[in-house]
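Structure, as structure tokens:
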Amino acid sequence: MGAFDYAPAPESRSIVDIAPSYGLFIAGEMVDPVDGAPFKTVNPATEEVLSEVAAAGPADVDRAVAAARSAYDTSWAAMPGRDRAKFLYRLARLVQERSRELAVLESIDNGKPIRESRDVDLPLVAAHLFHYAGWADKLGHAGLGPDPRPLGVAAQVIPWNFPLLMLAWKIAPALATGNTVVLKPAETTPLTALAFADICRQADLPPGVVNIVTGAGDTGRALVEHAGVDKVAFTGSTEVGRQIARSVAGTRKRVTLELGGKAANIVFDDAPLDQAVEGIVNGIFFNQGHVCCAGSRLLVQESVADDLLERLKRRLATLRLGDPLDKNTDIGAINSPEQLARIRELSAVGEQEGAERWSPACDLPDRGFWFPPTVFTGVTQAHRIAREEIFGPVLSVLTFRTPAEALEKANNTPYGLSAGVWTEKGSRILWMAQRLRAGVVWANTFNRFDPASPFGGYKESGYGREGGRHGLEAYLHA
Amino acid sequence: MTTTAEPLADVAASGATLRRFLHGLPGVDQVGAEARAAGLATRSIKTTAKAFALDLAVRMVDLTTLEGQDTPGKVRALSAKGRQPDPTDPSCPPVAAICVYGDLVPVAVEALRGSGVHTAAVATAFPSGRAPLDVKLADVRASVDAGADEIDMVIDRGAFLAGRYLDVHDEIVATRAACGDAHLKVILETGELATYDNVRRASWLAMLAGADFIKTSTGKVSPAATLPVTLVMLEAVRDFRAATGRQVGVKAAGGIRNAKDAVRYLVVVNETCGDDWLSPDWFRFGASSLLNDLLMQRQKLATGRYAGPDYFTVD
Amino acid sequence: MPEADGDRLAVRKTYKLYLAGAFPRSESGRTYEVAAADGRFLANAALASRKDARDAVVAARKAVAGWSGATAYNRGQVLYRVAEMLEGRRAQFVAEVADGEGLSPAEAGDAVDAAIDRWVWYAGWSDKLAQVLGSSNPVAGPYFDFSVPEPTGVVAVVAPASSLLGLVSVVAPVIVSGNAAVVVASERAPLPAITLAEVLATSDLPGGVVNLLTGRAAEIAPWLASHMDVNALDLTGVDDPELAADLERAAADNLKRVVRPPAAAPDWTADPGLDRLRAFLEIKTVWHPVGV
């Protein structure tokens, strides 16, 4: 602890009002589940039970799909695009108006620092809704023919790492294109989706256009496999993505999958080193590393490896881990005990395989689920920590000598979601960017997102794009 | 060149070696540097941390008056304020220095005697730096002879931007020699350097030539100090110490008018360089109106009510 | 197929596979009898094995870097050259298509003409795709951000029964963007496909960019669908819905991009649109700060 010791600066949680229990949002109303059982959602930073939510059963899913179908048939698909646009603009404005409340709620349920939910998640949620609102009455100009048609009912299953942002990524393009939605938030982070249900109420969105069913994997499976859905959109693990791809085989359901990653963040010897350090930190420690496109493999050119690692370690020592609601917290809680176990297991494997483990001095709170920022050096391509997605604040550092070697190592993975390149030489950036097999290449930056910018993976990182004009294709018949 | 740190002794052997060294420094990505500074600016400094930061900021102020209309009376008033910024609160620390033009150094030295507050003089044809070298050095010697223990010089930006790094270097070395025991602050005038790459190079150039402090601005050019410029300079002094073992201070001058901004600078110091620079010996604010806002915020913390400007002296 | 020209006895062709730019027999040594629509013997075609499929994937993978790295102008010229060669063999294709699909010479002629025109249409897309499908993205920050389409890699194609027009309509959109293809020809009418391979082999198309297998889709396609070095799967020619579902499931092992069989029999003369081009392209988005 230094001389300048930041006093606690907690964001007030009095702005949020969490009900003791929640039902399902179907046909515009919060309803009790028919065959669903309740489960608890906890604050991962304290293990405090926040609320009880319903695990929707098959009959509940059936009801939600029927509501979405009815809304599709009776109101939404035929509504003029300009009116769908106005509803989406309303949703965007309501999110902005309630952004502090939603940010606090997100941090409580997810464990992410308020600094991130406030400055990254919520602004992007509103921006995404705004962006697609404007598309709703311009679909004929999207390059999909003069009169592209919606698909029908979209089943959308989203992860726990950016709960409300992933909701926006899914719902905004679906609604803009005239589809209706049944969305299942992640088991551990249902609360902001349920708050969004209230925003749909405030917007006077026609009943059934957005339905939200909470639950775990079984609910998701029932939704994805429901015969009444025309479209499946999933963000989550590659393993579940594979199951979904299998389960829709032989059907006419359209599918988009945004799955795992093991991104290489490549630093050349002529990189802007201080900004590269920031990019590395942002790449792997943003959101506790719970980011599918995280820069989890640092590939650094030998000649600057020592210098860069020294800078990186010095920087990591300034990261502040703790209360997600403290406005100065950089690293929040791991979202669940299951995820914490996975991070611990793979980190132990890293040590067993001979990589050198380092973390800055860092006190972990007694309660809740925590893992310190961790760096493994001496990692090779053969190590499991260089190949498997850890989905936590764990960086594997490898070195390289030539651009060709960096490229080969970067592409040597079944994943292909993102990559980073750091060099001040323009032609090398473009050379790398052309050859990296990844859907997003960040050059001299990392982990930037924008609703106008298409996002999605190559290879086992999934298919389809979210964001911009390309994001419309997933929800339209050309 | 006794002040040049040993490990880099040969760097300034010629214009070519100096150029090669400065252009071999890692580049600075503008967007990344500004994003980092903006991120640090979101730190929320409250209660005890705020009290610490406000007092530290007061102790770091170089209370400055650099106007053509300056008078001995004004300098005496400023000096009195520097010694005891808040007469209603004896716990309020003094500022670091009073910064004046050379002709007013005797007035300040007299007014500050025994207080521990330093007398800083701007020199070397401040603020433009456009004078023959012998005139600039005479300017420095006059201030030092009059009792100034800190000299704020300006670099020859024209020479720097033209790539005549050795000329800039040698002028700083000569000024350093003319300073004798006085501390030398080298003003880069970052508002005229156009890029952060140039800020980093100028920082290293000044440090290689023996600067005790590197300082952002004269206050006469806009933009003056900014958070990202100061960040880049702090990275430079941090890296310079790692490379040479010699610690150099940083002074952010101009444009810092309120306590909130000052606290942001201290956060950047804290998270870039750490404890070793969190002292008036190693970080300064060149400012005038900043002090009153710091005092008002101090009073707010102490009393719990918001302060009013009528209760704090103006010069 | 002209059996005899006057008194002269024709020299018949041995129809083989097309792998890595060469024309080998099946490694299995197997062949199967190809008959005309009226039952007449036409030829013994190679009955490709799983090992032939494996070799085809290796050849295709090897070809991806060079072909996708070629300039779009170059790919367009090569494909246009293919159309020139097709035109030169028009009569042969008309005869093979007529025999294979049981069409009248006029109908077969129309199909071949449409196939050649279709090929020319796709050839012209090589240097337009990036402009039509790419974008410059106005992000809310100091970044230059753009998206470009890139080939997905190795694409396995089960070609439809339309032995030349259908074939051309599924192969051209795969390769024009820089992918390499492993094509399983129409089982019943594979001869135009082999002749197309002969055209490709004489058209500056690098070996391995198109690899052509003849035989039983039900036997070969599962190996391609489950192959972990295949990036995409076009099931257009799979008639059996259960087989199609099995192949789609197998394709999920490495998350291949899958084009399902059409819901209704396709009209190959209709405007194809961009769907088949899009299906085998990845969108890559690149960000860079804008600063001094």
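Note that the chains take the letters A, B and C in the order they are written out, and that residue 1 is the start of every chain.
Following the convention adopted for this analysis, a contact is a pair of C-beta atoms (placed from the backbone, for glycine too) under 8 Å apart; a residue touches a chain by one contact, two chains touch by 3 or more.
Only a predicted model underlies this, so the values are computations on that prediction, with no experimental measurement involved.
Chain pairs A-B and A-C differ in how many C-beta pairs are in contact, and the one with more is A-C. Most remote chain with respect to chain B, judged by CA-atom centres, is C.
For the pair chain B and chain C, the distance between mean C-alpha positions equals 70 Å.
The distance from the centre of chain A to the centre of chain B, each centre being the mean of the chain's C-alpha atoms, comes to 44 Å. We define each chain's centre as the mean of its Cα atoms; on that basis chain A and chain C are separated by 37 Å.
Annotation for chain C: residues touching 2 or more other chains are 141, 143, 289.
Chain contacts: chain B has residues 29, 31-32 touching two or more partner chains.
Listed for chain A are residues 444-445, each touching two or more other chains. The residues of chain A lying in touch with chain B in their complex are 2-9, 115, 119, 270-275, 278-279, 318, 327-328, 424, 444-445. Those residues of chain C that touch chain A in the complex are listed here as 132-133, 135, 137-141, 143, 145, 147, 152, 231, 241-242, 244-246, 248-249, 251-255, 257-258, 260, 263, 273-275, 278, 282-289. Taken in their complex, chain B has these residues touching chain A: 26-29, 31-33, 35-36, 42-50, 52-53, 56, 235, 266-267, 270-271, 274-275, 278. Contact residues of chain A toward chain C in the complex are 127, 143, 145, 238, 241-243, 245-246, 248-250, 252, 257, 259, 414, 429, 433, 438-445, 448, 450, 452-456, 458-460, 462-463, 465, 468-470, 473, 478.
Residues 29-32, 34, 194-195 of chain B are the ones touching chain C in the complex.
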